[in-house]
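Right, one structure below, let's go through it.
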Amino acid sequence: MGAFFGAVSRRDVVLDVFFGVDYHSHLGTRRAGMVSCLPEGGFKKEIHSIENTPFRTRFDHDLPGFRGTCAMGCISDMDPQPLLVRSHLGVYAISVVGNITNFDALVDELTSAGAQFMALSSGNVNMCELVAALVNSQGNLLDGIRYAQEKIEGSLTLLIMCEDGHLVAARDRMGRLPVLVGKDDDGYCVSFESFAYGKLGYADEHELGPGEIVRIGPDGYEVLAKPCDRMRVCAFLWVYYGYPNSNYEGVNVEVMRYRNGRIMARREEVEGTLPEVDYVAGVPDSGLPHGLGFAMQTGQTFARPFVKYTPTWPRSFMPTNQAIRNRVAKMKQIPVPELIDGKRLLLVDDSIVRGTQLRETVDFLYNTGAREVHMRSACPPIMYGCKYLSFSRSNSDYELIARRKIKELEPDGGEDHIAEYADDTTERGRCLLRSICEEMGFDSLRYQSLDGLLEAIGLDRDRVCTYCWDGRE
Amino acid sequence: MGAFFGAVSRRDVVLDVFFGVDYHSHLGTRRAGMVSCLPEGGFKKEIHSIENTPFRTRFDHDLPGFRGTCAMGCISDMDPQPLLVRSHLGVYAISVVGNITNFDALVDELTSAGAQFMALSSGNVNMCELVAALVNSQGNLLDGIRYAQEKIEGSLTLLIMCEDGHLVAARDRMGRLPVLVGKDDDGYCVSFESFAYGKLGYADEHELGPGEIVRIGPDGYEVLAKPCDRMRVCAFLWVYYGYPNSNYEGVNVEVMRYRNGRIMARREEVEGTLPEVDYVAGVPDSGLPHGLGFAMQTGQTFARPFVKYTPTWPRSFMPTNQAIRNRVAKMKQIPVPELIDGKRLLLVDDSIVRGTQLRETVDFLYNTGAREVHMRSACPPIMYGCKYLSFSRSNSDYELIARRKIKELEPDGGEDHIAEYADDTTERGRCLLRSICEEMGFDSLRYQSLDGLLEAIGLDRDRVCTYCWDGRE
Amino acid sequence: MGAFFGAVSRRDVVLDVFFGVDYHSHLGTRRAGMVSCLPEGGFKKEIHSIENTPFRTRFDHDLPGFRGTCAMGCISDMDPQPLLVRSHLGVYAISVVGNITNFDALVDELTSAGAQFMALSSGNVNMCELVAALVNSQGNLLDGIRYAQEKIEGSLTLLIMCEDGHLVAARDRMGRLPVLVGKDDDGYCVSFESFAYGKLGYADEHELGPGEIVRIGPDGYEVLAKPCDRMRVCAFLWVYYGYPNSNYEGVNVEVMRYRNGRIMARREEVEGTLPEVDYVAGVPDSGLPHGLGFAMQTGQTFARPFVKYTPTWPRSFMPTNQAIRNRVAKMKQIPVPELIDGKRLLLVDDSIVRGTQLRETVDFLYNTGAREVHMRSACPPIMYGCKYLSFSRSNSDYELIARRKIKELEPDGGEDHIAEYADDTTERGRCLLRSICEEMGFDSLRYQSLDGLLEAIGLDRDRVCTYCWDGRE
Amino acid sequence: MGAFFGAVSRRDVVLDVFFGVDYHSHLGTRRAGMVSCLPEGGFKKEIHSIENTPFRTRFDHDLPGFRGTCAMGCISDMDPQPLLVRSHLGVYAISVVGNITNFDALVDELTSAGAQFMALSSGNVNMCELVAALVNSQGNLLDGIRYAQEKIEGSLTLLIMCEDGHLVAARDRMGRLPVLVGKDDDGYCVSFESFAYGKLGYADEHELGPGEIVRIGPDGYEVLAKPCDRMRVCAFLWVYYGYPNSNYEGVNVEVMRYRNGRIMARREEVEGTLPEVDYVAGVPDSGLPHGLGFAMQTGQTFARPFVKYTPTWPRSFMPTNQAIRNRVAKMKQIPVPELIDGKRLLLVDDSIVRGTQLRETVDFLYNTGAREVHMRSACPPIMYGCKYLSFSRSNSDYELIARRKIKELEPDGGEDHIAEYADDTTERGRCLLRSICEEMGFDSLRYQSLDGLLEAIGLDRDRVCTYCWDGRE
């Protein structure tokens, strides 16, 4: 996904930005960058790969070169960021997060009109440079950002650092991702994750609304463009992406997950589908609090039958050697055989996308001697591939296990009944459950309902993006 | 602490050793090394600092150079390891784990007798080289290892790889640390942590007894020296050091911790000291399962009011810049304010040593709005600094909070009543609790009893080292 | 200065380009880059600093990633190169050499018209990107290059690699720098230095004329734009820049220098100004062959009273520590006291620009006991700072010792007689010689005459740039 | 070969040692090391490979860590150096240069007696550690060094730095290599090359005699062991190894080479064998001054028909890729075709060992159009492989072209007439010349005579090692 963090202050903010960016490391695995406005003019900028080396280790040795009261950085799953751009709007640094579905069309439109881009090794264009070109096509920064927001299909959240030491942040038009402003005695910061600045001593100051654009200096922030009314914040921020400590739209991730698990369990208690098990468990990492909530509700014993090995496996390590790469994938989850062998387990995962990884987990549990494996998904069946944040990057919706099963069950016309399939109170819904259960080898399977999920989030249904589940844009 | 992993097989074992060593990364933070016997003769050896870069990242690029059917590696908190040694016993690699309390005396004895050592930058001698010198002073490897075991005060566990492609492993004379042998279709491995080889496809084959020495080849292992009767395995392996998935002496760490938490809670239920709280929580990482067991027993709600940030904080990162170093210490534990503010918390930690870090945690909880903080230690009060594994590295026993308090409470003669102070059913014991409670700002405090702890481990009292608590050697 | 090398062939050319670029290392000290068209599409590109690490060492580890039948690279004293550009002309790599004196005006003109540039850390624009923007402003590559040649004041030599695997090379409009095409059995290459490809097995195929533009493929080259009539090739290519083995316009550098030294000596023989000395010597490196020619003509003994230390001092090493940086400057030239102490020396240097470095050399010779130091410059007094290739990078012409001296000698109106001062047959010329001799502490001083220099080069006077000496544009 | 440099002073000497060691880079290609006594106690030590990266670049980043008024470093063609050793003699750093022909016997002797060594990856022992073991076997440092000098066959020159901040230097028993002491206002240094300290501002203070041992502190040096009478300094120091600026036994290298060339030429003038040629040239690097002396004597024209490319080819670059490695060997010497094509050349090389490389050079000259190639060797035919400094590392004397030819010419008994073959005034001598001439394709060939060479060096015949030429030990 990616994320950014920036700060502007009356004091040097380099360490704040260093730690602030580091605290977003869970949101990306490929690249990271930092840039500061140097007191003597000009910028200091570094971009590194973080595929095999953590952000902190990578940037530690660069720190002496960074100085300044205004700085920003980012974690990126895509192209090198942030970029420095020079145009009639001056010189500025820019970092963007999101997904541009009309990318090629925009590049063609701009090059046909005479624009040039620096090309990536692939020949492609850096997403940041494209967004900058849209911004620079207008008479001033505000109009430029608005123009970019309009032209871009998908989603666009951005942070700009001007050479005069101000930050300009713009949240996606539909507010799909969060942007928050924090404040301390000396200045302000901009962040994706609230805990990142909380831990650095900043207090909550302002959460941008959808499409809102703010200009931030050491003495305050100014709203350049007011938020729009419509919002569609990504529900997966709570279900999967977010760090337990994060709050989005005022709702804490860990607390939401406990509540979500409880709602799931309560419904099963009511409907009498709760299986008798030895342990309730959550699939690490994000499934754990969903599972804990579930167990707290039912009073069943919670345990950790497998534990993620973290000391040197912090992220998607990509060894240079192919033989190793093949083995690495299976090395993170480590079983506690005593908690599996001969036991009946109820497992809560955050979601079931393609089902391939879960299949391996379940096989592994049975091989370790599990007597029963009951599966629970903390969100409804995923029916549509995400086109806003590329959460479920897939070439086709048929890679999604639910959609593939519907196609199998009802090759002709099954797609006209997706909503029904997603509802396990209908015959089609129960049929889908049984079919997945069988393929995956679960003893039982249930999904959280969309209503239950929205209740757990606690926001108005219209303000949350539910596209993955119901196709609502 | 440190640890080692080795393998010898009919196939190339480099990747096994690479992953096997990596799985011991939680046991050390300073250095790591790998060495293999090359098929064409000679060795390939690398040693790196792992202070700021995970083992896997550090050694990934060296892998192409490692080949061979016999290899070993180690994680070390001390000197560079493994070393290659040449003597009348031939050429071999050696790695050692433990604590030699008569180090300087041994070096002086040997140099006076004409021995030379390579010096470290400090002028000191590498612990491996000292042990090798003791081994080499005898006529053969077995006599040499036995001689080293006898001469060394403290503890000594070692792994040797001979140039002919055999491994020789020796467990500490008192079995303070574990050494296990695993087996697969092609060969054997030696490990500290059982899960490390389990995950690599090896099955449990043999756990060395105290002082046992085995010689391992691709076709089997041979006991060179039988185990002694006396054993004093370190109880902290379960309480604190061990990974949840590990088994020592057949007892799983995670399961022991659940049981330990339940025993603590059960006693409080019986004695009626259980406070009414909103949440039971464990101090990450090792306190969590103790806390989970506690909550499962009482039926109270378990939650995670603070979460460790892991993505790029896997280990004791030591930034080059001092300003950063000062900040890093406080950056790992991140609060979930919604689970703290206005709440009554019962916190389970693995142990209370000096109390300084815990003091910061408690202050932080109160500052975040906690209404009550009840503290529980998963082991008894620590009364004696460890001299076998330097668990509680301290210059004086008075750095231990319990001992410091006793000194305050009863300056003259308090030390004659340590056993009484450790027992909270006595007046002195209750007095110590109150006194620590007050200094630390807890609303209540209880320690696991030694009996309770031993019940949770489940081994015979005589086979477990309880020196930290009762001074028994 | 900078330089480039490219090759396109029916076979992989990566090693050719690797060595071909390396052979241009004497032309630049800051950065180097390589890019190849990958067989599977896309590019592989790397740019590194070469300030402290030789090109070969820096790029050695990147080599496995470079593949392709079309590749190019460059040495740059300026911005990172080569760049990849995407525009309506497609995707291409571009490298440029030269000096753009109307740089800022061009950037302003383009940004005002809506163009955007990636900014360097300084906020400035990469020279390559500016040139690309000019090229891209036209309908096709040929028109674009011509347009860039017209718009740019100073000089511009460029190499472009198109994504379809062709190279396009354009020599500066006035042919100030060389561009040569070589040919072997499988394809073609483009180079600054003829020896670079000679050593790689390519034969001379074509030397581009002024302003000539060629398109080169594996099967031949096509002239896109014919050479202009006017040429002003830089005389310093022979006097100072060129490697001894290089030929420009068919004239070899080493041979020209021998001839130049002989002409200087012959004139002194005729005019009877030849001093009696123990040794004739050349100031390393480029002064040596001038001095050798001089000694061969007069029959005086040639010797090397100081020698450059090369093993680890290949280039302008810039240590990170300031204390070291200050010492490094004086560490390269090492004396042979036996050849200095008590001796009379005639020293030939390639040129005398500011005189500061020469002053140190002469002081050093006297301190080592030299009895006499006679100085000879292999070119006339430098009167004008170079505006085409920034040879004598200076803020003011008064940094040039000859101009400074004229100002001192004749504060009012001396500048109206520069030509006379440059001619040592006039009273003003002799006066300038005496004045410099005195300040620098030479026992005698003579400059090569412009006629003598042109005779040594052997090209028509109109085809050589003599701006530095006579201000002729 | 290898070399060392150390300094001890009242000021910090780290930069002196950094530059001093760097100035010995021409004497080795594999490894380099530096160590300093830290003011706070202990040492700072670094050892790096310098195969692909120059010493300065490699150690630049380590410099901040080195501090102290006593430091040393080395260039090594063998094992990692310097080592730190701890024994009953205390802790010291040691660096050695030389060739130990009874290496294995010494290792066996010591290990049998109970010694242990750290093993290299090959299983072998580091030469420094072996020497240290010999030193440590005695009661004090002086006795130890003397014992090592006696036990070792071959040659041994060493530098030791004691933890109390003194240096102890010992020249080889036969003085085969030089050791010089320099002095400045603050302290002293020890060096192989006189120019190294000269350039650093130290003046000549003392050149150690054969076997001499000195102890050096900031305030002076003390002779621990007086020099022996017998000396056999290596003649190749002047002929080939030494840097032009170096003086050994008071004789400058560059001046010796001029003189040597003149003696060779004078003899040819007398004997009437001087061919008529267009150019006299020296094979770079060490052949050049021999050739210059030759040309100065005869009055023939000196030129450089091929030039070594140095900017990024400073030393024996060993690319990681095999394809490159094969090409690199031929890339250094670059021709100036104008000075070869159609020309008659007389080439002076420092020596002719196996003849393989020279054969390539000559072929290359003929291929470039040379009309005649006359070869001159600046020393007599090499008849015996060096056993003191491994100059001509060969498995058999028959790899030497002269010996191979003798074997061919006179298979039985030729070896009884080696002295005669080496003398070109005899029939056998002339026969050898003709035979080599023919195989190598020279138009004529002559070797310097041993008398001529000794005259050029100017030392008493008994004080110079002439083993390579006449087998005299």
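Letters A, B, C and D mark the chains in the order given here, with residues in each chain numbered from 1 onward.
Definition applied: a residue touches a chain if its C-beta (ideal position, glycine included) is under 8 Å from a C-beta of that chain, and two chains touch if they have at least 3 such contacts.
No experiment lies behind these values; they were computed from the predicted model shown.
Novice: Using the contact definition stated above, find the chains touching both chain B and chain D.
Specialist: Both-contact set = empty.
Novice: How many Å are there between the centre of chain A and the centre of chain D, using C-alpha atoms for each centre?
Specialist: That pair's centroid distance is 64 Å.
Novice: Go ahead and note the Å separation of the Cα centroids belonging to chain C and chain D.
Specialist: The separation of the two C-alpha centroids amounts to 36 Å.
Novice: Going through chain D residue by residue, note those that touch at least 2 other chains and give them in order.
Specialist: Counting only residues that touch two or more other chains, chain D contributes none.
Novice: Would you please name all pairs of chains that touch?
Specialist: A-B, A-C, B-D, C-D
Novice: Give the list of chain C residues in touch with chain D in this complex.
Specialist: Listed in rising order, the residues are 15, 18-19, 22-23, 25-26, 52-57, 60-61, 63-64, 195, 198-199, 243-245, 247, 252, 254-255, 258, 289, 292, 296, 299, 301-304, 306-307, 309-315, 317, 319-321, 323-324, 327, 331, 334-339.
Novice: Write out the stretch or stretches of chain A touching chain C in their complex.
Specialist: Spelled out, the residues of chain A in touch with chain C are 41-45, 83-88, 91, 107, 111-112, 114-125, 129, 132-133, 136-137, 163.
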